[in-house]
Structures are given as structure tokens and as C-alpha cells.
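Scroll down for the structure; my scribbles are underneath it.
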Amino acid sequence: MLEVSIFVSYVILSIALGLTFVRLVIGPSLPDRVVALEMIATLTVGFIAVYTLSSGVTAFLDVAMVLALTAFLAAVGFARLITKGGGVHHD
Amino acid sequence: MTDVVVSLFLLIGAGFMFVAALGLLRMPDLPMRLHATTKAGALGGGLMVIAVGLEFFGDVAVAARAAAIIIFIVLTAPIAAHLIGRAGYFVGLPMWSKTLKDELKDRYDPQNQVLLSPGEVSSEDKPDRDKAE
Amino acid sequence: MIGPLAWNILLAMLWMGFTGSFTGTNLFIGLALGYLVLAYALRGIPAFANYATKVPRTIRFIGFFLWELILSNLKVAYDVLTPTYYMKPGVIAFPLEARTDGEITIVANLISLTPGTLSLDVSSDRKVLYIHVMYLDDEAEVVKSLRYLEHRALEVLR
Amino acid sequence: MLLAILSGFLLATVAPAVHRQTGMNSGWVLAILPAALFLYFLSFLPAVGSGESIVISYPWVPGLDIQLSFLVDGLSLLFALLISGIGFFIVAYAGRYLEGHKDLGRFYVLILSFMASMLGLVLSDNLISLFVFWELTSITSYLLIGFNHEDATARRSALQGLFVTVGGGLALLTGLVMMAVVTGSYELSEILSSGDALRDHGWYVAIVLLVLLGCFTKSAQVPFHFWLPRAMAAPTPVSAYLHSATMVKAGVYLMARLNPSLGATDLWLILLGVFGALTMFTGVFMSIRSTGVKQVLAYSTVMALGTLTMLIGVGTDTAIMAAMAFLLAHSLYKGALFLIAGILDHEAGCKDFLQTGGLRHALPITATFAAIAALSLGGVIPMFGFVAKELLFEAVLEAPSLSGLLSLLTVASAILVVAVAAVVGIKPYWGPRVETPKTPHHEAPPAMLAGPAVLASLGLLFGVGVAMVDRGLLSAAAGAVYGSPVETYLSLWHGFNLPLMLSLLSLVLGLTIYFNWDRFRTATGFMDDLKRFGPERAYDKSMDGLVSISEWQTRVLQNGYLRYYLLTILLSTVALVTFSIARAGGLEIQMSLAGVRIQELAIVAVLLLAALVSVTTSSRLGAVASLGAVGFSVALIYVLFSAADVGITQVLVETLTVIMLVLVLFRLPGFLGLTPQALRIRDAVVALAFGVMVALLSLAASSTRFADSISEYFIRESEPSGFGRNIVNVILVDFRALDTLGEIVVLALAAVGVYAMIKLRAEDNRK
Amino acid sequence: MRPEVALPVVLPLLFGAISLALWRYRTAQRVIGVLGTGTLLAAAVWLLLATWRDGVLVMHMGNWQAPFGIVLVSDLLGAIMVVLAAISGLATAVYSLTAISKRHEHYGYYPLLHLLLAGVNGAFLTGDIFNMYVWFEVMLVASFALLILGGERAQMEGAIKYVTLNLVSSAIFLSGIGLLYGLTGTLNMADIADKLADVEDTGLITVIAMMFLVSFGIKAGAFPFFFWLPASYHTPQVAVSALFAALLTKVGVYALFRVFTLIFTQDVGYTHEILLWVAGATMLTGVLGAAAQYEFRRILSFHIISQIGYMIMGLALFTPLALVGGVFYIMHHIIVKANLFLVSGLVYRLKGTYELKELGGMYRSHPILGLLFLVPALSLAGIPPLSGFFAKFILIRAGVEAESWWIVFVALLVGLLTLYSMIKIWAEVFWKAQPEEHANRPAPGPKGTGVMYGTIAVMAAMTVFIGFGAQPIYLIAEQAAHQLLDPQIYIDAVLGDRS
Amino acid sequence: METLMAFVVGGLFAAAIYMMLRRSIVKLVIGLILLSNGANLLLFTQAGMLRGAPPLVPLGATQPEGVVADPLAQALILTAIVIGFGVLAFAVVLIHRAYEVVEADDMDQMKDTDT
Amino acid sequence: MQSLILRSASQLLLPLLLMFSIFLLLRGHDEPGGGFIAGLVAASAIALHMFAQDIHQAKRVLYADPRDLVGWGLVFGVISGVPAIFKGQAFFTSQWLEFTMPILGKIKVGTPLIFDIGVYLVVVGSVLLILLTLAEAED
């Protein structure tokens, strides 16, 4: 039961990753890409959750914890850049 | 029993993740993409982490970490969305053509980084501003 | 709210130390006992005055909020998953009742997490929250539900 | 012995101080040393004259078989006496000639050092110490030629001399080393007895060529003769000493020295004979074509050097004896004539024979000794030069082969020599008075006259009393060169024989040419055009060529374009690796995608695509964002394959990198489409090639494993010995703490560097 | 337990750390700068003597037995390099007392100096291939920072090339380590050598050897990887140039010596043949590059490259004598090249320019400096009896014995062309009269040049000593070469004699 | 998986090198980042890849149960990542400064020091 | 960046992250974490504060000059390897002390921990030195 769900989750997350990636590529603006990057981080948290379930090793949750923090930090950084006028008009 | 619950949380979470990703791709402008990722992403991630917490139910370390992750996601996702959303808005990214109204329009002065409320007068009209600034 | 909560957690920790059992169940027991101690034994101390009522109210609010969150997501999910768009987006100015920075922040974030609304920014005079709304079919209805959310949040916070 | 040789260097170090103390008498004071050395070497004469040779050895670098070992036999003694004896007069002379010159102190340093080097050269028994002194003479000579260093011509001439002689010296070094490898020793005293081993060895030809290259360049043999006349940029005492009496003879010395071990073959005879004869003729021909005082003398020196070389090549006992006699004669008269040339310059300001004439009244003593020296040069009886010339004719006439050619050139040269002798001995002093740049008021001071007087007189003395030098010194020297005692002895009068006839013939014809000197020069004017094809031209061309090649190379290789540097490096790497793989006959590779999970595939796909996007996107920040995606994917790979700490670190670092980029890129402009399509394709091909190479190596290395990893140890010992359950962290802070220490040092350094970069800029902006 | 093995690494780390911590106190940093490098020299000499007396010394850092922990190993080559590093470090520190401006001191000059030395010494002493990578990076980043201290355009441009190409080198190095680790499962160099010794199919190993060749070739400035060097070495503060010239490329050379005598000896006929070609091409391109230059430090920079060629030639010929020559060459070159840069700095100090065409008249005005230039310059060109002569002589003899005629020819030719460049500098800077139009260029002036003179004179004296006292140097080099040719000595010292 | 990773590593190297061959200094930096990722992953691949077995010792035990991933390689990579970060930080700022000085994002305008 | 929301959120996030960082530092020897990771998290926390508030606020929170952190952290790191030498052991041989404390039980304190703290300080100092300097330059 759980194995199947894990497999299915992996598949769903992989597809989601692909979709997000498309947004990352096509943009069109920097904020769009940043959102996509955020989403990738969130998906990574998801991957880690599934992986924790499938492997039974909980140590990887720490990675997810740090990931949640830093992805936010990156977004803040980008937002700061964009607000200052960088990277949108002459991108 | 646990397996079923865990699977449920996991699959629903993954489903929301998918929705978020698809929304990100399909939505026509930045704010709406943010709608998708902020809500569905946070919820999906949260549910999946809850699934982990349930699977290792009773293990304080896991529970604490799961809780921390969820709190973190819930805490940061809307802030990030706000930051990116406003940034995108202020630098003038076009909104979807079918947007009904925009009360924020022309309220932001990037020079002074002042955002006026609807009734306020634009700062340039205020006589007492220090011109040297 | 934060102070008493910290005390509560501390008491739970002590409980776990005394009993020498570091399990989730015991933590839960510790938290509950701590709550009882703070809510009843120390209710005379001003800092803990409202603690008794606040905790259940907070829990109720979280429940309410989670429900809203799920609802909002289902709505978005439907829109995302179906080929046609039902959105009628717009940006509205929502006059805030929240006053302190903390209140404004929490309200804004809650709004971002709930049905079809996304806080874009607070005006510099902190009177207005600009919100991007996804389904602006009936603006009054939207504002009303936002107001309701704000009230419930402030109730917990104040 | 060592002290005797080094004393010159030692005195050199204090010479400027001595000069300051003794003022105008410094020449005499400092000349005490060469005089003392002369006497010291003279004390060896009895022993050496009776056939002994003395070897004295001091260890230097025994590990390399380099000794400071010295050999005193006839040959080295002859040279040592010439060097110290003439050195005495030169130093004394220079004291007056350069009186008041601001660099006189430095001049002493150089000339004394040179003398010491020269002594070391001729006395060395060890080939390497010989070479050391050999090079020292080149360097000191360089500094002396360029003594008037603010003059560009002097600098150029000095460089030319140095370049030619050092270049030859390097060939010589190779030859010497090869000799040592063949014979197993660097000691001349041993090598001289290994002649057969050398001649039979496959390297013989190479050794001869290399050694001769060194000797020919040093002794200005054709085609390397061009540097010597140029070297006349040096002050006259230098020309007299280095470029007539001593340094240029170093090459001759070495050929003579090695004659027993390398000589007595056709190769040796032909090379030395032909090049020597050509040099002889070229020298004298150029000499008579010149009019500059020092030019004439310099070219006639070339002639003498050619003669000596030729004689060593001929190699019969007569020839060797002739060579030794000629060597002595030449040193005496050429030393005298150069010093007289200096007097002409010093007193009358004459640098060209055409500016001179009728000076016999103003400079009677000078004129007298000039005449005596010129007679010796011209080979007129009863001068010592005559003795030498007679023997020279005899030697070439009896040469074992090439006799005809050598004799012809010798006679032709002898004729021209007479003309040259007339030019230097007659032209300035006789005939009508010619207006000289300076009017001479008096004779030169005694210090300047002493040298010409003594040297010229010795030429006469030795001619009349041949026996004074014959049996002791010259026969010993000749014996050393010949390899066994020589039977030929000198005499002033041989009777009416063919050589005497030739002497007379040359005298007559030579004087004829002298009296038609102007016409002769005009008639041979076409020779100037030939210079364009001469060796000097080749030297100039190669110097220009060197600079051109250098510029070209810098333009091509060090072109300033970072991407071409990278391209070169990467392509070289690919080439090296590919070639090595091909040489190894391919690599063993096992490929298998079994067991790869779908999520892993997805992540890998995203990773690669993100990398691709970051490469191809035209949006700068889009590239940064894609980079973030790459980073997260990599982190996920770490996590999926059990590396938690690495995953966390990757995530953190990735984020901080993005933030940093964002902070920094803020000001930078967007990408420009700078490169044309074709170049982009080229770069892509290179990049792909490199990628494929790395992938192949990775596959090959994963498919092969020679031993188990030492990780087992850490896994086993982490908790018990490192007291930590996170094995990675225990490795980081304990098992391999040194790595971690280095790592934080890197971080600290980077921070300091960044801080400095930005703050220094800020400071500059404030200014 | 032999503390002397680790001191050359630990001391500069400690001094670097302390002077970093004392960043507010400039004087303290200057004092630590000189005292620290002085102490380092003492420690280095101690190490060399100990290694000379007792053979290869090993310290198992953290007391973890080899091959598990990191070992520091001092064989003679390593110890020699450490001494040379300490000498150049001390010379630079002393010279810097007047040569480095206050503001550069303020931004971390001395800590960078110490830590650079720590990196260099770490690389020389470590017996662990990954640890070597770490020290390489320490050295590299320290050198990056030193390079840009000043912030001028030329420094930026030079630094970008320097940084980029060296990072490529590092990446290739790291990849090579990864591949080696994949094959052998170990990082200890002795252990790697030991494990590779019995391998029969050596093709892959040789291929990996090429990665190391390229990586270290870049660091060493060998052909065709040297481009970063002429682009950058003439740009920083001259004291920094001198230190770089003395040490950095030599770390690459050292690494080549280490891995191609210890680890990659499976297919010497092939690998060392390639090294020989690299050596020849390096010599030639370096010296030719210099011929057209008219900037003091640029000429010197190009000559670093050609000199590197000689060192690699020693390694490539791979006979006992050739290795002696290589080691001897390194010793000679570090002293001489550092000194030449220091001389150029003094000339700049007095004249305010490095351009030969604008310089002149210094033989007249500063004869002592002229002499102090000639000693290292002629030594570099291999004029006897200075140090460079013996270095070249040994290599020539080794080349002759190996009958590698073309490399002998190249080595000699390059010697001649080196002389050409040195003489060019001499003629232009010292002999030529000062060109009128550049006579009044502003220069920092002679204040405080005494310290600089002193440093240069001591270095020149060392050059002379290596020449006249070549025997002890030769003996050390010979012993070092002996250890290099018999890797088992190193392996046994590190892993213990297991037979 | 090692096979797949070989492609990843090769791909990263190729991308990195392509970027470094561009004229833009910003692209150069991106290339450097990719390069260091590639090298790290190469090392990771070579250590052998194992799923779900982090090198941790369970509480109370002295050794992990069963086979765990190679901790040494992980420690090395961690070190390499940090070093790469330090170097990169420097490089990024250097490029920033170079840009300020040269005033163009074009390596071709930075070739004065060579010739 | 003038965002009220971020500013007030950062007041909450900062202590949270700093606690998290210390947690990672202390348990790094047993679970994922350690001085380096912890240092990066702490640096990130302050960087976030810098973005949310301003540079001065961030510096005030940090209190120490980042250069001091770098310098003294490095001193710590090197010094932790030295005690062994006084016991006649190789540099960086770890030295452990065992305490028995009430409640907490047996606690092992050793030089690797000091080393880890050194690493932590250097990382915090270096990263912040870079970020703060950059941010200052940008203004």
C-alpha cells in the first residue's frame, strides 16, 4: 500500500518538477522564474518527505528544514533585486 | 491503518503539489501564479510532511522536525509571495488582460519608496518635502 | 501570547525531565499539564490572565483556518485543472483594522494563505492592505469574508 | 696556485678604494700584482722547461667531479706568462690613458677580474672549471667592451661579442660534457691520454664540432669573426689586452690544449686548416681594406688567430712549433701596436690612419717602437715575427694534406700583412704632416710608453736571441700541444730556401700594395656590398628575427583573450587524454541504467536541462535562476544517495551563492550576443568533447576498482574513537581536521579578499 | 612524535590567524610578519636538518594511523621546498616593511602572507592527495587576494585570468582525485602508490595521470597552460610578485615531481616522454615570450615559465642525475627569481616606472644596485660560477647521458636567450643614459630603501653561495633525488615497513 | 546510477566549459559554478552511490547497521563545496570590480595586461 | 527593502534561526549539522535580517565585527590542535574530558568541539563579512 503511494507520489512530484521547470525556462520575467525556483524548493521538500518515508531514515528531514529556510532567503534576495530595478527591464 | 492514513496524506499532498506546479505553469500572470504556488505548494508540502510525522508517530525528533518544517513553510510562503508579488507589480509587470480593477495603480512612488493609501495625496504635491533629497 | 506559550513549553520540558520519558505522548501530557497549571493556578498573574481562553480560541482559529486553506486550494485546483479560466482577478485596497506591525503581518499572511487572495503590500501609512483577488465577482462579498478573517485573527492576537 | 689565480679577483674588489687612495699613480700600484704573478709563473719555468707538468687540485663540487684543479705545463705557462706580463703593462698604461675618467676605478675592477679569469682559464685542469673561467672572460669582456656604456654602439657591440662568445661557450660546454662522459673524467690530465677512446667513439664528430664552435666563436674564426672588430668600442687598453693578446686566444688555447685528444684526424685537419686559413686571409684582407686604426689592428688579429688555428689543424711538429712561435710573436707586436694606437688617440686624437701622417717629429719614441713592432708584424728579419713566419711557411708547405690550398692562402696573406705592417708602421709617422684632430705637444707619459717599448723590443730581442725562448718555453709548450716532445727548433736563419723566397716576394708585393693603398681600397670596394650576405648580417637578422618571433608568439599565444587560453588548455587536455586512451587500447567501460528510479531520472533531467538553460538563455538573471535549479537538483541527488550533510551544505551554499550573485549582478548589464554563430558552434564542440571525456573517465573509473575504500575504518571507528555518531562530521572535525582547517582558511581568505577589494575601491572613490 | 614535521604548517596558520584577529593593530601585524616568518625559517631549517639526519619523517595528524588520517610527510624534497618557502617568506616580509603601503597593510597584507605560506607549506608536506588540494586552494585564494590588493585595472584584468585558469586547474585536480579515489579507495599518496604498484592494466591510470599533468601543469605555468602567468604576475605589489614568482609555480612543479615519482610510475616511457616535450616547449615559449617585452616585471614573468621548463626537464629525464638537476634548479630559481623581482621593485621605488624604455642611468647613479642585479640576472642565465650554472650544468650532463640531444639543445639555446633578456635589462636600466623625457617622473623615492637593499643583498649572497658552495646543495639534492627515485622509501615511512 | 551520473557530470562539465568560453564575464562566473558542481558530483559518483543509508550511527550503537554510504567521500565533497564557495565569492566580487573598472561585461576588453 | 511585513516577520525569524543554528552546531557530531552548516544558517539569519531591516540593524544584531569573528575563529581552530603537542601526541590529536552533570548526565567535551566552534565562527564571520561588505558597497 505505502510502497505504491510512495511510487505514485514520486511520479506526481517528478511531473510537477517538470512543469515547474518549464515555467523556470520560459519566464518570461525574472519574478516568474523566482517563483518557479521557490516551487522547486518546495518540491524538493516534498521529495525529501517521500524519500524519508521510503527509506525509513529520518535524518534527511534536516535537509528539508534548511531548504525551507534558504529558499525563502533566496526569494527575499531576488525580491530585493527586483525592487531595486535590477533584472526586469534590461534582463 | 497507519499506512492508509499516511498514504492519504502523502497522495493528497503530492496532488496539491501538482496543482501548484500546474498552476504555476498555466496561470496567466504573476499574481495568479503566486496564488497557486503559495497556497497549494504550502498545503501540499505541509501534508506530505505530516505524512512523515504520522509514519514515525511517537518519535519526538521526527515530530518536532515535521512541525518545524510546516511552521516554516507556513510562515515563509506568504511572505515570499508578498515580496515577489509586490516586486513584480512595482516594476510594472503586465497584469492579465482580463483583470477587472486595480486600486494599487499609480499609488507607488519608487523614488521615495512610498506606497500611498487610496485617499492620500502624492508626495510630489506636498510643499514641505525636502527638495534636496 | 508568546511569553506564556514559552512558559508552557518549559513546563512540559521539565515534566519530561522529571518523568525521564522523552516520548511524544509524554510531551503532549506535559503540555496539557502545563496549560492547566498556567491557566488556573497562575491566572492571578497579569501575564497569564487570558491564557486560559486564548489557547482554545487559538486552536479553534487554526482549525477554521486550515479548513479555509483546504477550501481555497480546492477552488484554485479546480481552476487550474480545468481547461477554461474562471478567474476574474483584480487588486483591491482593503482598509486594515490591525494596527501593530505584528498584527498587520499576521493578518496579511493569513490573507495570502486563504481563498484566492494574496497580500501585495501595505500602504506606507499602514492603513490599507492591497490585495490581489482571484475571483472578484462580488467585491463586497470578498471584503466581508476578509474582514471576518481579520476579526477572528485579531481576537486571538489581542 | 689558487691564491695566485684568485688574487686578481680579490684585488678587484678593493681596486676602486686603492684607486681613490693612490690617485694618478694607481695604475702602477695595481700593476704590482700582475708583475708579481709574472715572476711567480716564471719560477715554474725551469721545471716545466725540463718537461715536467704540475697538477694542483682543490675540491669544489666533488659530487659533480668539479675540482679547482690546475695544470702547469709548457702551454699553460706560456699563456700565463703572456697574460700576467702584458697585464702588467696594460694596467700601468690604463692608469694614465684613462686618467681622470670617472669610471677608472670600475675599470680596474673589470680588467683585474678579467686577468684572473684568463689565468684561471689557461691553467685549469678541470674542464668545468676551465669553462667557468671561459665564461667569466666573456662576461668581463662584455663589461669592458661596453665600458663607454652611454654610447649605444658600445652597448650593441658588447652584446654582440657576448652573444657570440657565450653562444659558442654553450656549445663548448656540451662538447666538454660529452668528452667527460666518454672518458669518465673532467680532468684534462686524464683526458689528454684518452685521445684514442675519444676518436673511436661515435660522438667524436659531434664533440669536435661542438668544441670547435666554442673555440671558433671565442677566437673570431670565420664565420664568427665579425664581432671582434666591433669589440674595438672598448677603451684601447682593453683592445690591446683582450682582443689581441689574451681573450681571443682562449679559443686557440683550447684547440691547442685538446689537440692531443681530439686532433690527428682528417676532420680536425680539414676543419681547422680550412677555417683557419680562410680566417687568416679574410682577416688580413679586411685589415688592409680598413682605415680605422683599431679596425686595421683588429682585423689583423683575426688574421693571426686564423693562422694559429690553421697551424694547430696542420698538426705536424713544425706546425705546432710555428704556432707557438707565432703566438708569442703576435702577442708582443700586437700588444705594442694597440698601445701605440692608444697613444695616437690620446695624444693626437687620431682614430683613423687617413687622419695621420708625419708624426715622427712630434712623437719620435712612439714612431720608433711602432716601426720595430711593425717590422715584426711584417715578418722582417731579424725580428721574432720573421722567425715565426719562416716556420709558418715551412709548416704549410709540409702539411700532410691540403698543402696547396693552405700555402696559397698563407702566401697571399703574408703579402697583405706586409702592407698592413706598412700602414701601421709608416703611414702615421712618415710622409707629409697631416692635420690631426689634436696637435700632439709631447710624447705620452712613461706609463704609456713602457708597454710598447718593452713589448716591441722583446720582439726584436727574441728574434736575435731565439734561444732565449726556444728550448725552454716554446718547446715545452709545443710539446704539450703536440702530445709528445717536438723535434723542431727555431732559428733566425735557415739559409736560402723556399720560405725565405716567399718572404721576400711578400715583402715586395706587400710594399707595392701599400704604396697603392688608396687604389687598392677603391678597387676592392665591391667587397662592401658583399657584407650584406656576410655573417654579421645573419647575426643582425637573427636578432631581429628573435624579436619578431617573440612578438609573433606573444600575439598568437599570449593574446590576451581568456577564452583562447581556455580553449588551448582544454583542447590540450582532450588531446592528451584521448591519445593516452588510444594508446591504452581503449577503456573498459560497463554501462548500466538498471535500477534507476523514475524520480532520479526526473531530477537528472531537470538538472541537465537547467544547466542547458543557464547556458543558452539570453536572460542574465534567468541564468542565475536556472543555476539555482541546478543547485537544488544536485542537492536532491546528494540527499537521495544518502548524503545528508552534503545536501544541507549544498542547499545553503547554493542559496548564498544566488544571493551573492544577486547583490553583485545588480549593476551588471544584460548579456550581449557577442559571439557569431560559427564560433559558438566551435565552442560547443570543444565543450562537448571535454564533457564526453570526463564522462568516459568517470565511467571507466566506476567500472574499475583496485582496492576497497578506507571508509570502512571511519564507519567502524567513528563512535568508539571519535565519540560522534555523525561519521561525516567526525571525519571533518577529527579524522581529517586538517582538511577542514584548510577549508575555513580558504573561506577566511576569500572574505578578507572581498573586503579588501571593495573597501579599497570605496576609498579610491572617496578620493 | 616529531613536532618539526607539522610546525611549518601550523606556525604560519597560527601567525596568520593571530594577525587576522589583530587586524586593528598594524604594528603588531608587522612585528608578527617578520618574527613569524623568521620563526618559520628556523622551524623549516630544523625540519630539513632532521630529515637529512633521520630520513623521511612522518606525522600522523590527529594520531590517526595512515592511511586513514592525514599524514604530513617530510622527505628531503618537501623539506627543501619548505626551507625555500620560508626564505622567500622572510625576505618578502622584511622587504614589505617599507615596500607595502599602510592601506594595504590595513586590508590584511600580513595575514594573507602568512596564510599563503601555510598553504604552500601544507602542499609541500602533506602526504594526502586531497589534503594537497585543500592547501592548493588555500594558497590560491591567498594569492588571489594578494594579487588584487591595490585594485587597479591591470590587477583586475590579470586577476581574472589568473583566477579562472587556476580554478580550471583546481577542478581538473579535484576530478583527478575523484577518479583516483574511485580506483583505489584511498587518499594517502603512499597508499595510492602502494595499491597501484601491483596493478597490471595500467592504461586507465596513465589516462588519469594526464589529468594531473594538466592540472599541475597549469599551476606550474608549463606549456601550453601558462597563460595566466604573464597576464598577472607583473600587476601586483612588487613584494607580492616576488613571492609569487618564487613560490606559486614551484608548488605546481613540486606536485608534478611528487605524483610523477610516487604515483604515476607505471608507464614512465610514455608519461615522462610527454613531460619532456612539455619541458622543451615551456622553456622555449617562455624565453621567446620575454624577448619582445620591454617591461621589467613582464620579462621576469616570462622567464619564470622558461625556467619551469628546466625543472620539468629534470623530472622528465627521470635519471638520478636529472632529478638532482631538477631539485637543484628549483632551489636556485626560487632565490634568484624572487630577488630579481625585488630588484625591480627597488628600481621602481627609485624611478617610478618598470618600463625599460623610460629607465636608464642607474649604473651611474646606483652602482651597487647594478651589481646586485647582475648577480641574480647572470645566475638566471646560467653564467658560472653562480647558482644557475650548476643547475643547468647538471641538467645538461643528465641530458647528454640520456642522449636526449634535442632537449639539451633547447636547454642551451634557452640559456643563451635568457642571457639576452637579462642583458637587455642591464643595458636599458643600468647602462643606457636616463632618457631626458622621462627624467623627472615622480617616484616614491629613496626613503626606507635600506631594508630593501639589505634583503636583496642577502638574497644575492645566497645565490653566490649556492654557486661557490654548490657541494652541500648538491648533496642535499642528490639525496632528495635518491628518495624520489625509490618511492618505497616514502611508502615505508608513511605506512610502516610491512614486509 | 553511476552510468547516469557519468552523463550528468559530463553534461555539467560541458555546460561549464561552454559558458567559460564566452566573452561575458558573468557567464564566466556561471561556468565556474557549474564546473565546481561537476567536479563534486564526479567525486560523489566515484565513491559509489547508495540509496537511503546515510553514514550515521544509531543512538546507542557503536556502528551503523548494515552497509552505509561512503562517509569519506561525503566529507571530501563537503570540504570541496565550501572551498568552492569561498573561491566563488571571491571570483564574483572580482568580476564585479573588474566590470566597474573596465565598464563592460566583455572579456575582450580585458587583454591589456598580456601584450 | 521597505516591507513592513518582512520587517516584522524577521523579528520572529531571527531568534528562531539563531536557535536553529546553535542546535545544528551542538548536535552536529551525532546528527547532520556541525559547525559549518550551523555557521551558514546563522549567517543566513543575519543576512535575512539585513534584507528585512538594514545593514546597521544586522551589524547591531551581530554585535562583533565580522573580521574579529574570522580572526578569532581561525585562532580557535588552530589552537584546538595544539594541546595534544603538550602530551607528546601529534597535532590535532583529540583530547576529551568527561563530566557528569545533573539532569544532563554524562557529557563529553573535547577539542573537536572547540574546533567546530572555530569553524562556526569563521563561517559566520566570513560569510557576513562578504555579504555586509557587498551590501554596503551597493548602497
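Some notes on this structure:
Every chain is named by a letter (A, B, C, D, E, F and G) in the order it is written, and numbering of its residues begins at 1.
One rule holds for everything that comes next: contacts are C-beta pairs under 8 Å (C-beta built on N, C-alpha and C of every residue); 3 or more make two chains touch, one makes a residue touch a chain.
Keep in mind that what you see is a predicted model, and the values were worked out from it rather than measured.
Where touching is counted per the definition, the chains common to chain D and chain F are A, E, G.
With contact taken as defined at the outset, chain B and chain F are each touched by A, G. Comparing the chain pairs F-G and A-B, the larger number of C-beta pairs in contact belongs to A-B. Among the remaining chains, the Cα-based centre furthest from that of chain D is the centre of C. Centroids of chain A and chain C (each the mean of its C-alpha atoms) stand 25 Å apart. Spacing of chain C relative to chain D, judged by their CA centroids, is 89 angstrom.
In terms of their C-alpha centroids, the spacing between chain E and chain G amounts to 36 Å. Spacing of chain C relative to chain F, judged by their CA centroids, is 42 angstrom. Chain C has residues 108-109, 119, 121-122, 124 in contact with two or more other chains.
Shared interface positions of chain A, i.e. residues touching 2 or more other chains, are given as 13, 15, 17, 34, 36, 50-51, 57, 59-60, 62-63, 65-66, 69-73, 76-80, 83. The set of chain D residues touching two or more other chains comprises 554, 558, 560, 562, 566, 570, 601, 620, 640, 642, 644-645, 648-649, 652-653, 655-656, 659-660, 663-667, 669, 694, 698, 701-702, 709-711, 714, 725-726, 732, 734-755, 757-759, 761. Per the contact rule defined earlier, chains pair up in contact as A-B, A-D, A-F, A-G, B-C, B-G, C-G, D-E, D-F, D-G, E-F, E-G, F-G. The part of chain G that touches chain B in the complex is made up of residues 1-3, 5-6, 9, 12-13, 20.
Those residues of chain B whose C-beta lies close enough to touch chain C in the complex are 15-16, 19, 22-23, 26-29, 31-32, 34-36, 38-40, 42-43, 57-60, 63, 74-75, 77-79, 81-82, 85-86, 89, 95-96, 98-105, 107-108, 114-118, 120. Within the complex formed with chain F, the chain A residues making contact are 51, 54-57, 59-60. Within the complex formed with chain F, the chain E residues making contact are 130, 133-134, 137, 140-141, 144-145, 148, 151-154, 156-161, 163-164, 167-168, 170-171, 174-175, 177-179, 181-182, 187, 227, 230-232, 234-235.
Those residues of chain D that touch chain E in the complex are listed here as 59-64, 66, 106, 128, 131-132, 135-136, 139, 142, 146, 149-150, 152, 155, 159, 162-163, 166-167, 170-171, 173-174, 177-178, 180-181, 546-547, 549-551, 553-554, 557-558, 560, 562, 565-566, 568-570, 572-573, 576-577, 580-581, 583-588, 694, 697-698, 700-702, 704-711, 713-714, 717, 734-739, 741-743, 745-746, 748-750, 752-753, 755-757, 759-761, 763-764.
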